[in-house]
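Both complexes below contain subunit A, partnered by subunit B and then by subunit C.
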Partner chain A sequence: MHTIPLAASSAALPCPAWFTARQQAAWTRYLAAPAPKRGDEAWRFSNIKQLDFSSFAKSTEAGPAADLIARSSGLEATAAKLIFVNETLVSAQSSLPAGVICLPLAEALVSHSALVEAHFMKQETRLGSAKYAAWHEASLTNGMFIHVPDDVEVAHPIEIHHWLAGDNTVIFPHTLVVTGSHAKVRVVEMFRSADELQPGLAIAVNDLSAGPGSKLDYVAIQAFNEVSRIIQINETAAARDAATTGFILNTGAAWVRNESLSRLEGAGARSDMLAVSIPARAQEYDQRTFQHHVSAGAFSDLLYKNSLYDYATTIFSGLIFVDEGAHHTDAYQTCRNLLMSDTCEANSMPGLEINADQVKCSHGSTSSQISEEEIFYLRARGIDPIAARQLIARGFSVEVVERLGNPALEALVIRFIDDKFAHIASGGA
Partner chain B sequence: MSYQASATLDAETHDAITIDRSKGDFTFPERNKFDAGRGLSAATVDYICDVKNDPPWLREFRHKALQVFLAKPMPTHWASKDLDNINFDEIRYYLSDGEKPKRSWDDVPDDIKRTFDRLGIPQQERAFLAGVEAQYDSEAAYSNVKEELTKQGVIFVNSTEGLHQHEEVFRPWFGKVIPTSDNKFSALNSAVFSGGSFIYIPKGVKLKQPLQAYFRINSENFGQFERTLIIADEGSELMYMEGCTAPKFETTTLHSAVVELVALKGAKIQYVTVQNWSSNVFNLVTKRGLAMEDAEVRWIDCNIGSRLTIKYPGVIMKGRRARGEVISIALANTGQHQDTGAKMIHAADETTSNIVSKSISVGKGRATYRGQVHIPKHLKGCKNNTECDALLINANSRTDTYPAITVKGNRHSTQHEASVSQVSEDMLFYLMQRGLNQGQAMSLAVNGFINDLVREFPMEYSVELKRLIDLEMEGSVG
Partner chain C sequence: MNRPPHSAPHPMSLHIHNLHATLEDGTAILKGVSLDIPKGEVHAIMGPNGSGKSTLSKVIAGNEGYLVTAGSVTLDDTDIFPMSIDERSRAGIFLAFQYPSEVPGVSNANFIRAALQARLPQGEELDAVAYYHRLYAKMDLLEIDRKFTARSVNEGFSGGEKKRNEILQLMMLEPQYAILDETDSGLDIDALKIVAKGVNAMRSPDRGFLLITHYQRLLDYITPDYVHVMAEGRIVRSGGPELALELEKHGYEFLKELALA
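And now, the complex of A and B:
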């Protein structure tokens, strides 16, 4: 491993002109766009009050960097490990194969300006948060740019830590991952708060572009403190024969809005969209997804699982959209809600819009609680009812995690899931 | 790539929808004694009130509704933009020949008898037309309520007669299941309604035969605004059947009905609809039932005709163990958009609801399922099952599904499943091997797809339904 010089991440670096122009245009769009209001279909069931972000401001402080670096534990083996505190890169190590670009965005803008320009926020945000995507584009000062050239495989995951520090701080984490043909890479991002009591806000965007025949896995672990909010916008594009996996774990934050869009652009492309959410107390998770079959002969499969405790609320709104001519599409969508209290609320809106023939599509949504028989079975084997319920809820979530197909990554995700269950067990579940 | 279906009717579409319409393709000379003229204003409402001799409370109700209608925006932010093609100023809101409802079959005018001929009511059935309330341009032209029904205390009259002669039963429930301000079109109906049925079934009375009404639209550009209210008192049972065919017209016709069902404790209501309006009709209907303790409301709904149908039959389960069910078949051919679905509002413990929806899209037709299931907090033991299956026949057919399910609390269970498929090549090959032509094979496959739902319809309807589907499938393949 070698260390990237940190000076490179300074926001004081000169930006290319195209980027400055994009930021200015985005700011104009942000100001012009109306805020979502009640009755907007993209915000149905949402708590619009959560969109008042007026109390948040950017922070120039790097926070307790040394302490946070020490707390940034993740995988044992990584190809690169980068740690950001409030968008400032505070630690970076890497041992990547030759040709792989893995740089803070601020630096990549200077060294690989044309390459970044070719991929930077190319798609319109269509799931409701266009205004906040514009705010993100106008305000970001840093992020990650990862480019894996043709036929290069990165063996271990690239690990990125985002720390939110300070009172009422807003951050704009940006991650852009591009794979060439037959390349392979895994990226893990972790979002955490430095402190349990200070409210923060993250407007995060991740853009994934998978080249022909490549394999791109992306895992986001969101474990902010329970007074913070996050909007996370994902755009995934899969070219011919590419396989992408997008996984989101939500355990933290007071309010979460996830918007995930997968665009299947070539025959044989595959997109797996996975999420595990475990809201408790008054946490509200609002997830919107879009499986866009542009090309014929592509495959997409979505599995979102929510375990709801206490007064938690979840919203799932998914749409499979099959374009005219996208024949021989296989698209599946499943949302399952496990209701763990009398007072939680699960909203599901699984949708389909099919404009092609020879299509196999299905969607399913269920909401239910653990049956008394299952608890009885476990009690008969000497497990107390509370532990029995936790065991079943854990198994419910782990089924999704296993789809990642990488033991080290699965162990990391399950560690965060177990932390949450322990927190629920101790904190009033 | 378009996210919104094209709102205009191109030549090809027009050609496509002018076939297969032999069943309803005829008109009779109009002779309307009362005509409110084109367009909608306070004067139109007053005209209707004067002609129908409405009591003052109803006049006030209609005027308020008109204000609500004018104030509400078109729901085009979620519904089809095709709604914008309705020209409310071109529509005539009230027509009537002014004759008193007929009591015996001999009194029915010949041209209306011919209408029944074309509707295919068999000779022997005509003698048995007990309980048939046939609508001819919104007013009951024929009405012969079998004597036994009257003896049992059943009231089966048109809505005007209902509110004049049975106000004490009619008024407490009128507009209570579907308030005027529920949506723009329920407000329109509340302002200008005429015709429709009023039914009251007394306590404990279980009707063995279904009650029927045939609706017809027979004046060009004339919208029908029926208002139906059915009250089933404690422990009673009833099946009501409503079938529609409409003569073909060249300009757009609007149909906007409001149907309210009230099933009191332990009562059962089944409401069967076969909708086969011609392909220029906008069919914007609000249908909702209220089910009290142990009561059951079932909507059995089949949509084959119309240009745009927007209809989501709903059930509000207000009493413990109430049950709601919607069984829905939609067939969308080129130029048609069937936007149908169901609403299930659980408002008491241990209530159960079931939605089964099957749609078939032929040619450039578009079928949409839109549903809502709501289980609020502090209830327990509520269950919902939703199944939506869509069948696509041609390469440019379209289908959408937009369910919304809200579950609060943990003693409930809901499940939703949907699938989209097409008739497999293997199946067609197999059938054609055995001597069927492609069209027959396709028809057989489609009828098989909806067969388990068609069986839910009364016998004569299921026969008619299969025939209509065969008719619609003609020319869809090859």
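And now, the complex of A and C:
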């Protein structure tokens, strides 16, 4: 393990000219772009009022860093562990194989400028939040740049913590992961609030670029306090024979907007898009997805599961889009809602557009309550009705988590799921 | 051996007295069932389809689809009707289901663990190491592959695997009274022998059994102390194991005469 000198991550570092120009252009775009309004297809069913971000400002303080470092527990074994408080890197440890670049973005912009430029925010934000992606691009001061060269496998996951601290603070977390040919890496990010009462905002972007034959798994755990909001834009590009997994867990925040786009760019490419969301009380989770089959002979499989309690609302809108010529595509999309109350609301808009031949595609969404028969069976074994419902709802979520295929990562995600269920069981607010 | 079946309740018994139950629409299913199952004894109920055998087991377990209109069921002298489904289970009643539910996403090991945890006082945690040690020992006896601990409860299990899983739960929960509802149905002879091995291993002076079955075959492997014949919502005849053989020989046809009598 070695520690990256913190001074190196200071936002005062000189930026390359291309990056300054990008930030300026993005700011112009941000100002010019109209705010989403009621009636916009990409914001159908959305609560547009949540997009008033006027009360938020960037914070120059690192907050209670020592305390937050102590609270940044995650996996037992990591290849690197980095902790950000309000975009400021406060702790970094790593024991990565030679050749792997895992640097704060501010530092990578100086040391690996051309490499960052080749991959930085390359895809068009097309699921509704282009204005906020521009705000992110113009405003970010740091982030993570991870590059795994050809044929290098990183055995343990890279773990990144993002803490939101202070009153009405906005952060712009940025994570860019690039894998070379036949490389392998897993990245897990955790988004949390320093306390339970102060509202915060995160406009996060994670870009994943998987090279030919590589394997790239990305896990985002969002557990902000219930007065915060987050827009998270995830863009994945999978080259020939690459296998990517993107997993999102939402347990926190008052309002969440996830936009996930996977581009299948080569034959044999695979993208697994997974999400588990457990909103309760008045939490609103809004998720938009796009499975873009550019190349023939690629595979994508989306499974989003929501367990809704109390007055919670979810929106799922997904589109499988098969380009002309993307023959022999396999693409699947499933959204399942488990309604745990009579007052929750789940909106699903699955979609499919096929412009090629010999494709296998399916899409669908279901909403259901726990069957009385299952509850009776569990109760007949002595499990009380509240615990029985909890056990079934947990199982409903765990089925998606098990797709990660990595016991340590699964245990970490399940820990956050169990925290949420304990919070719901205690009637916590 | 041939104790009168409807004698006064034994203080340590599952005692069913003059039980009447209807469906929600008012259709009468149980029309006065009386039965005393003391600890240490194995009773079998046989009868044709539609005689009310399965309903009896469901009413005792607490299925809310039935309405008890008269009679009582006591567990060691305690009335069970005020108890909820889960309270009855924790009090010591176990029902092995004819059609066990599938519970997607809940692993078998976590399910049985939750059932055991529910029997512990508040704040007490089940010892995980000891639990798995016991679980594996029972699974070995029932010839259940270890991979079933991680599989979702009954999901994708064959008929035989589901029934063996019921017996596994019986062995883990160690109830005072176990009701097996047509556990033999849909089993091939090898699976039946395994199930019988599990049940026989659980026979004890501290435990009473009620076996509900359509066929005599199960009773070749689990020898009952008493056999009762049920028809049209009543017990129409009681006797020793030889009654099962008599039924096998004459079929259920002759019951009609008994029911009419």
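By definition in this document, the second predicted complex is superposed on the first by the 427 of 429 C-alpha atoms of A that agree within 3 Å, B and C clash if a C-alpha of one lies under 4 Å from a C-alpha of the other, contacts with A are read in each partner's own complex, and residues count from 1 in each chain.
In the analysis below, contacts are C-beta pairs under 8 Å (C-beta built on N, C-alpha and C of every residue); 3 or more make two chains touch, one makes a residue touch a chain.
It should be emphasised that the depicted structure is a prediction, and the values quoted were computed from it without experimental measurement.
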When the two structures are laid over each other on subunit A, do subunit B and subunit C clash or fit?
fit
Tell me the contact category for A:Q50 with respect to subunit B and subunit C: first, second, both or neither.
neither
Of the two partners subunit B and subunit C, more of subunit A gets touched by chain B
Pick one for A:N168: touches subunit B only (first), subunit C only (second), both, or neither.
neither
In the overlay of the two complexes, what angle sits at the CA centre of subunit A between those of subunit B and subunit C, given in steps of 10 degrees?
80
May I ask you to decide whether A:F376 touches subunit B, subunit C, both, or neither, giving the answer as first, second, both or neither?
second
Name the contact category of A:C361: first (subunit B only), second (subunit C only), both, or neither.
first
Could you tell me how near the closest CA atoms of subunit B and subunit C get once both structures are overlaid on the shared chain, in Å?
17
On subunit A, positions contacted by subunit B and by subunit C
none
Within their complex, subunit A touches subunit C through residues 371, 373-374, 376-385, 387-388, 391-392, 394-399
Hey, which residues of subunit A end up touching subunit B in the complex?
39, 41, 44-45, 323-324, 327, 337, 339-369
Using the touch rule from the top, collect the residues of subunit C that touch subunit A in their complex.
61-64, 84-86, 89-90, 95, 97, 100-107, 110-112, 114-115, 118-119, 152, 169, 173
Please name which positions on subunit B make contact with subunit A in the complex.
1, 3, 77-78, 377-378, 380, 390, 392, 394-422
